[in-house]
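Chain nomenclature is as follows: A, B and C, assigned in order of appearance, with residue numbering initiated at 1 for each chain independently.
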Amino acid sequence: MTKLMPVLSAHWDEKDSFTMAGYKRHGGYDAAAKALKMEPDAVIQLVKDSGLRGRGGAGFPTGMKWGFIPQGDNKDHYLVVNADESEPGTCKDMPLLLANPHVLLEGMIIASYAIRAKYAFVYVRGEVTHVVRRVQQAIEDAYKAGYLGKNIFGSGVDLELVMHVGAGAYICGEETALLDSLEGFRGQPRLRPPFPAIAGLYARPTVVNNVESIASVPSIIANGAEWFSSMGTEKSKGMTLYSLSGHVQNPGQFEAPLGITLREILELAGGIRPGHQLKFWTPGGSSTPIFTADHLDTPLDYEGVAAAGSMLGTKALQIFDETTCVVRAVLRWSEFYEHESCGKCTPCREGTYWLVQIIQDLENGKGTEADLEKLLDLCDNIMGRSFCALGDGATSPITSSIKYFRDEYIAHVTNQGCPFDPHASTLFAGTKVGA
Amino acid sequence: MSAEVVDMITVVIDGFEITVPKGTLVIRAAEKLGIQIPRFCDHPLLEPVGACRQCLVDIEINGRAFPKPQASCTIPVETGMIVKTQLTSAVAKKAQEGVMELLLMNHPLDCPVCDKGGECPLQNQAMSTGRSESRFTGVKRTFEKPIHISTQVLLDRERCVLCARCTRFSDQIAGDPFITLNERGALQQVGIYENQPFESYFSGNTVQICPVGALTGASYRFRARPFDLVSTPSACEHCASGCSLRTDVRRGKTLRRLAGDDAEVNEEWNCDKGRWAFVYTNAHDRLTEPMIRDASGELRPASWPEALAVAAAGLAGKTAAVLTGGRVSVEDAYGYSKFARVSLNTNDIDFRSRISSVEEDEFLATKTLTLKTSYRDIDRADSVLLVAFEPEEESPIVFLRINKQVHKRSLKVTAIASKLSIGNEKLKSNFICVAPGLEAQAVANQELTAKSVILVGERASESVGLLSAVVALAEKTGAKIAWIPRRSGERGAIAAGAIGQLLPGGRLVSDAAARVDVAAVWGVATLPTALGRNAKEIISSVNEGKIGALVVGGIDPLDSEDHQATLAALKKAFVVSLEIRPSAVTQLADVVLPVAVVSEKSGSFLNWEGRARAFDAAVADSLQRSDLRILSMISDQMKKPINLSTVKAAAKEFATLASWDGASSTFTSCAPIAQKKLSAHEALLTSWRRLLDEGTLQQGEENLAGTARKSVVVISPKRASAIGVVDGDKVRVSNEHGAIVLPVLVEMIHDDAVWLPRNSRGSHLLATFGVASGAVVTVVKD
Amino acid sequence: MAYTEQDLVTMDSIIARYPRKRSAIMPLLHFTQSRDGFITGEGIELIAKKLDLATAEVSAVSTFYTQYKRKPVGEYHVGVCTNTLCAIMGGDEIFSGLKDHLGIENDGVTADGKVSLEHIECNAACDFAPVVMANWEFYDNQTVQSAKDLVDSMRAGKPKPPTRGPDSLPTWKENSAVLAGLNDGRSAEGVQAGEPSLLGLKISKKGAKG
C-alpha cells in the first residue's frame, strides 16, 4: 500500500498557510537562501539529480529544461510559470496557490537564480479572483521581505516577479501560446523550433514550468535530491498531487509518491459513491485517453499510464460511475475543445467543429453506425495533423471511449436516443430538487 | 555583383535528389523538382506559419522518421533528409486529403459567382487533393457577406480559409496592422477594428495573395472571368519605384492590374495606386481625334494630316521649346529629345513640370546618370538616410524594401525632415527635425559609412544647398546616393537627354565631341550648341517673346511654381499639345494631338535605379499613337525628320547612344541660405504629395480615393497652444496669394513649420499659394 | 465613461510592470473592464494609444479571450460550470434551473442589471463539483436550490459570500480591477483551503497517528 506523502500540501490545514508568517513558520524561504549561496549550475544539477519531471502534463525533466538555457549569452533570460490550469478535471494548482502561494514564489526565486533570469512571470488563469489576490499579496509581501526586487536575500542578485492574469483561454496553457499571450498577442501557439529555451518570451531564452513543478523545487533544495528521488518509481520520481473528483465518496487532493494506483486512492477516499460502480475515468484530464475499471491497478506514473495507452497528464482523476452516459461525457468534452480551439490550424479549428456535430447527432439518436467510422477517420485526420496538442487532445476522449464503449455508441443508434437518465448521474439524484 | 557563398544541402524528395541552399524550406526544394505540395498559408515572402496544415509530408532525417507528418512550409532542409510527399507516402496523402476536406467543409459552394473562380488555389487544389464528395452533412458556418473593410476591399468571411496571409502581409510587409484575426476557434475571422478601415497604401496585395475569394477589390468585383482576360506583362507608370505589373484586358478595356513578380524590384508587391489607378485610361473624355484652333479661336476636330500640317507650319520658323512632363517613356523622351534638336534646332527642353532649381539642373547633369545605387544596396545597407524623401508617399516600393530590412534586422533609418511622417514612424526612423530650408546643415552633420545609402528625393531641389550637402556627405563618407524622383519618366528623360544640358546617354551639350557623336548617329550635320534653358527659363522666355512656340507633352500648369506665368506662356506661344485627356493646356493649345496611354503602347521606363522597366501594349488593337510616333510624323511634315516611327526603332537607336565615357562635368555646389525670421503667427511651409491624392492619373477611381489620408494642417503642440487649437479645430493657412482652411492635427513637427498635403482634397498648395515649401505663411485659428 | 487622470496614472503603472509595453494589453483590458464593465470602443482606443498599437491589434486580442465582454454583464456575473464532470454531477440541471429561474438565456442579463448568466468551462475546482462562479469567485458544491438562492440574494442586493473567497462578494467591476493586478487588500479573507483540498492531508495525518 502506497503511503500518502504530503509535502506541498503539508500545512494547508493551518488557517494562515497562505501568509508569509504561515509559510516562514515551517522554514519558508530557507531553501531560497540556501540555493542563492550555491552556484547556479549546482542548483540545476541538484534538480536534475532529483529526477523532477514537469507536473503540467508532458513530464519533461525540469532540470534538463533549465540546462537548455544558454549561459553567458549576454541576453535577458526569463522564467515563466504556467498557472493557467484549465485542463478539464485538473484542480491541483489552484488550491495550491490559494493555500500556499509562497512556495511557488520561493521555487521561482530558486529557478530564476539557476537559469540567470532577472525577470519572472507567473501567468495565472483569469477565472480565479481569490487565487489572484493571494498570489498578488504574496508577491508584495515577498518584495517587502527583500526576497524579490534588488539584491534579494542580500545576495547581490536582482529579481523582478510579475503576476500576469489570463482572461479565459484554455490554449494559453500551451507554453508558446502562453508566451504570445504574455507578450500581448492572441494566445496562439508558436512555431517550434525555435524552442522557448532559445527564443521564448520576447525572443529571449525562457523556461516555462508548471506551478507544481516549481513549487516542488524548494523541498528538493531543502531536503536534497536523494530525498526526492527516493520517492516514486524508477523513472517517475518524487511526490505529486493527485486530484480525485466525480462519483466518489470523498473527492479531494491526494499528495502521494508517483506510481500510486487509482485502487489505492479510491480506498483512501472511501470508494465510488455508495451503490454504484466505476465505469470510466481519466488519468490526467480530458486530453488523456480514458480508462476503465480494468486499469485500477495501473501505476499512476509517466511510464505506467503510457504503457496502458494513456498519459499521466495532470493526474486529474475524474471518476464516472455506471449512471454516466459516455457519449454525453465525450460530447461535452468535444464542445469544450471546439470552444477552446484557438483557430490557428485547420484540423483543430474545423475538425472540432465537425466532431461536435457528429457526436451531437449520435447522442441525440440521429446518428448511424457509419458515423462512428467517420468519427474515427476524422480523429485520424486531426490527431498528429494539428499545430499543437490541443487538436490531439480533442480526439483522445473520442477514440478511447469508442475503444471501450463502442456498444454504448451503437445503443444510441439503435435506441434512437440516449438510454441514460442524466438526473441519475447528479449528486442530487433521488432528491426533489432535480430538474 | 559579388557572388555570396552559400552552403548547399542535398536532400531526397520522392526518390529524387536535389541540392539547394541551406535554409531552403522543404516545400520549395520540392518545387525545384517540379513537385507541387498543396498549400495555402505558405508564401515565399512571408514568415512561415504552418497554420493551414495543407502541406503535410513525411520526413525522416538520417534514418529517424518524424512520428507524424510535418508541415513542409516550416521545415528547412537538412543533410540526410528524406522527404515523402503525397506522391510517395500514403500517410502524407491521407493527411493532405483530410485537411482539404476540413477546409472545404465550411467553404460555401459559390464558386460560380466568385471572382476567384478559375484562378483559385482552393479550387485548383481541391481538384488535385480533395475528395470527390464531402462527408460533411452538418450545418455550415455562415457570416454576413461581404463586408467592406475599406472602400476598395471587400471581405467574404465564409470563403476565408484563415491562412492569415493578408494579416501577416499587412503586419510584416506593409506595417499596417489594420486587419487582424479576431475571435477564436471556429469563429475566428479576419476583420478590422470598427472605427479604423483597412486604409493601407498596400491593401491590394492582400486581395492578390488571398488563396480564395475572401478578399476582393471593389473595382474588379463581378467584372470578368479570369479566362476571359488577356494578360500582358507591364510596368507601372505611377512612380519611379518601377514595379512590374500584369495588366488584364477584356475586349480592349483594362479591367485590373496585378503586381508582377520581380525579385530585384517589387518582389511580388505593388501599391494601391499602381494597382487601381488606371481608370483614367478608360475615361470617357479621352482625346481621340486631333484638334486645331480655327480662325475664330475655337478648337475643332481635324484630320491627322491637317493637324500635323498645322503643327508643322506653326513650329516652323519659330524659336521653339519642348516641355515633356515627367511621365513619358524612355522611347518617347528620346523622341522629344531628338525632335527638339533635329526638328526644332534647340536644346530648350525640360521634363520637369514641377519645382526645380539651378542646383538641381547641375545635379541632374552631373550626378544622376552616374548613380548605380539599387534596391540590393538597401538590402545590404548598414543605415539608410532619407533626405527630402518620404518613401511611403513618394516611392512606396522603396518604402517596402526599407521596411523589410527594418523588420528583418532592425536596419537603422534616419530621416531629415520638418515633420515626422506615418511612414517614418513605421520605419522607427531616427527623426532629425529641422526647420524647412535648413536640411542642408543637418545632412552635413550625419555620420555615415561606405555601406550607408542616402535616398534623396526630388524635393531636395526645394531647399537651397541641400543637394550640394548630399553630394558632399557622400564624398566624405563613401555612402551611396540614390536620387529618387516621384514620377516614372524622370530618370529615363535624363538618360534620353530631355533636359537642356544633356544629350542622350549623359553626353554634355557643351562637349563638341559628344555633339559630333550624336549628330553622326542621327545623321545630321550639326546639333544646336547653346545650352538649353530649364522649364522655368523656357516659360519666362516665352513671356519675354524670346520663344514663340511650345511642344507640350502631358504637363499640368498647376504643377509649376508660377502657374500664372505658365498659363500666360501657353496663351502667348504657338502650342502643340500631346495629351490623353483635356487639360488646362488643351484650352490654350493651337494643335491638340491625342496620344496613347501606357497600356496602349509598348516602351520602357527607367526606374530610380536606372533599371529598364519594359512594357508591352496591353490593349493590342488601340488606335492611339505614341508620342514618339506623332513627333516623328510632325518632323516628317517639317522636313526635319527624326525617323523614329516605331518604339522598337527608338529603343534600338537609343541603345547605341545609351552609354558614354567621354567628357563629364563636375558638380558645382550651392551654399545654403540662412534661417528666416518669423513672427508669432508665421510659419514655414512644408509639404509633400501623398501617394493617394488628387493627381490627374488617379481621377475617376472613387474606391481608391476613399482610402486616401484625410487632408489636415499639421502644427506642433507649441504652435497649437499658442494659437489655441486642438486636434480637429479648423486652422487657416494663408499667404498673399490665397488661403487654405483645414482641420488641424497636432503632431511631431518643427515648431517653425506648418505641413499641408501638396495636392489633396482642399489642399492644392501650388495653385493656392504659388509655393509648396520653405515659404513663410500665416497660420491662425479659423 | 471618461477616464480620470488617476485612471491614466494607474494604466501607466500597469504598463511599467513589463519589460515591453505591449505585454500590458491584457491587464489593461481587465482594467478598462473594471471602469466600463465591458470592453468599450473608448477602452480599446485608449489602450491602443497608450501602447502605440493599431486599434485592430487591441480588438484582435480582446476578442480572443472569453472573459472580455462585448456587452454589459450584470453586477454579478454568474458562471455555471457545464464541462463534463460538473455537468454530469449536476451542473446541467443547475444551469437550466437558473435560466428558468431568472428568465434569461446563456449570456443573458436580468432586466434589473443585477445578474447575468453564462455556462463556463472547467474552473479547476472539480473536487468541489458542481461548481458555480460569481464574478469569478468560487461557490462550491452547489445544488439547483442553492444556486437559485444565490442569485436571489444577488437580486436582493445582499449576495451570499463565496465558499472559497472574500467574506462578501465584490462586484464585477471591483473584481475586474483585481484581475488587472490591483490589490484590493482582501487576500486574507476567507478560508485557506476547502475541505476536499485537505482530504489527503487529513487522511495522511490520521494514518500517521493511527
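Operating definition for what follows: a contact is a pair of C-beta atoms (placed from the backbone, for glycine too) under 8 Å apart; a residue touches a chain by one contact, two chains touch by 3 or more.
In this text, all values refer to a predicted model and were calculated from it rather than measured experimentally.
Q: For the chain pairs A-B and B-C, which is connected through the larger number of C-beta pairs in contact?
A: Looking at B-C and A-B side by side, A-B shows more C-beta contacts.
Q: In terms of CA centres, which chain lies closest to the overall middle?
A: The chain sitting closest to the overall C-alpha centre is B.
Q: Chain A to chain C: how many Å between their CA centres?
A: Those two chain centres are 21 Å apart.
Q: Would you mind pulling out the distance in Å between where the CA atoms of chain B average out and where those of chain C do?
A: Roughly 53 Å separates the two chain centres.
Q: Centroid from C-alpha atoms only, then distance chain A to chain B, rounded to Å. What do you get?
A: Each chain reduced to its C-alpha mean, chain A and chain B end up 55 Å apart.
Q: Residues of chain B that contact two or more other chains, please.
A: Each of 181, 183-184 in chain B touches at least two other chains.
Q: Two-or-more-chain contact residues of chain C, please, as numbers and ranges.
A: 60, 64, 66
Q: Touching at least two other chains at once: which residues of chain A meet that condition?
A: 169, 186, 339-340, 342, in rising order.
Q: Write out the stretch or stretches of chain C touching chain A in their complex.
A: 17-20, 22-27, 29-30, 51, 60-61, 64-68, 79, 82-85, 87-90, 92-93, 96-97, 120-130, 133, 135-138, 141, 143-145, 162, 164-166, 170, 175, 178-181, 183-184, 186-188, 190-205, 207
Q: Which positions of chain A touch chain C when the two form their complex?
A: Residues 3-6, 9-10, 12-19, 22, 76, 85-91, 93-95, 98-99, 119, 125-130, 132-134, 136-138, 140, 162-170, 181-187, 202, 242-247, 250-256, 268-269, 286, 316, 318, 320, 324, 328-329, 332-333, 336, 339-340, 342, 422-423, 425-428, 431, 433-435.
Q: Applying the document's contact rule, which stretches of chain A touch chain B when the two form their complex?
A: 169, 186, 191, 338-347, 349-354, 357-358, 374, 378, 380-382, 384-387
Q: In their complex, what parts of chain B are in touch with chain C?
A: Going through chain B, the ones touching chain C are 176-184, 191-196.
Q: Enumerate the contact residues on chain C facing chain B in the complex.
A: 41, 44-45, 53-60, 63-64, 66
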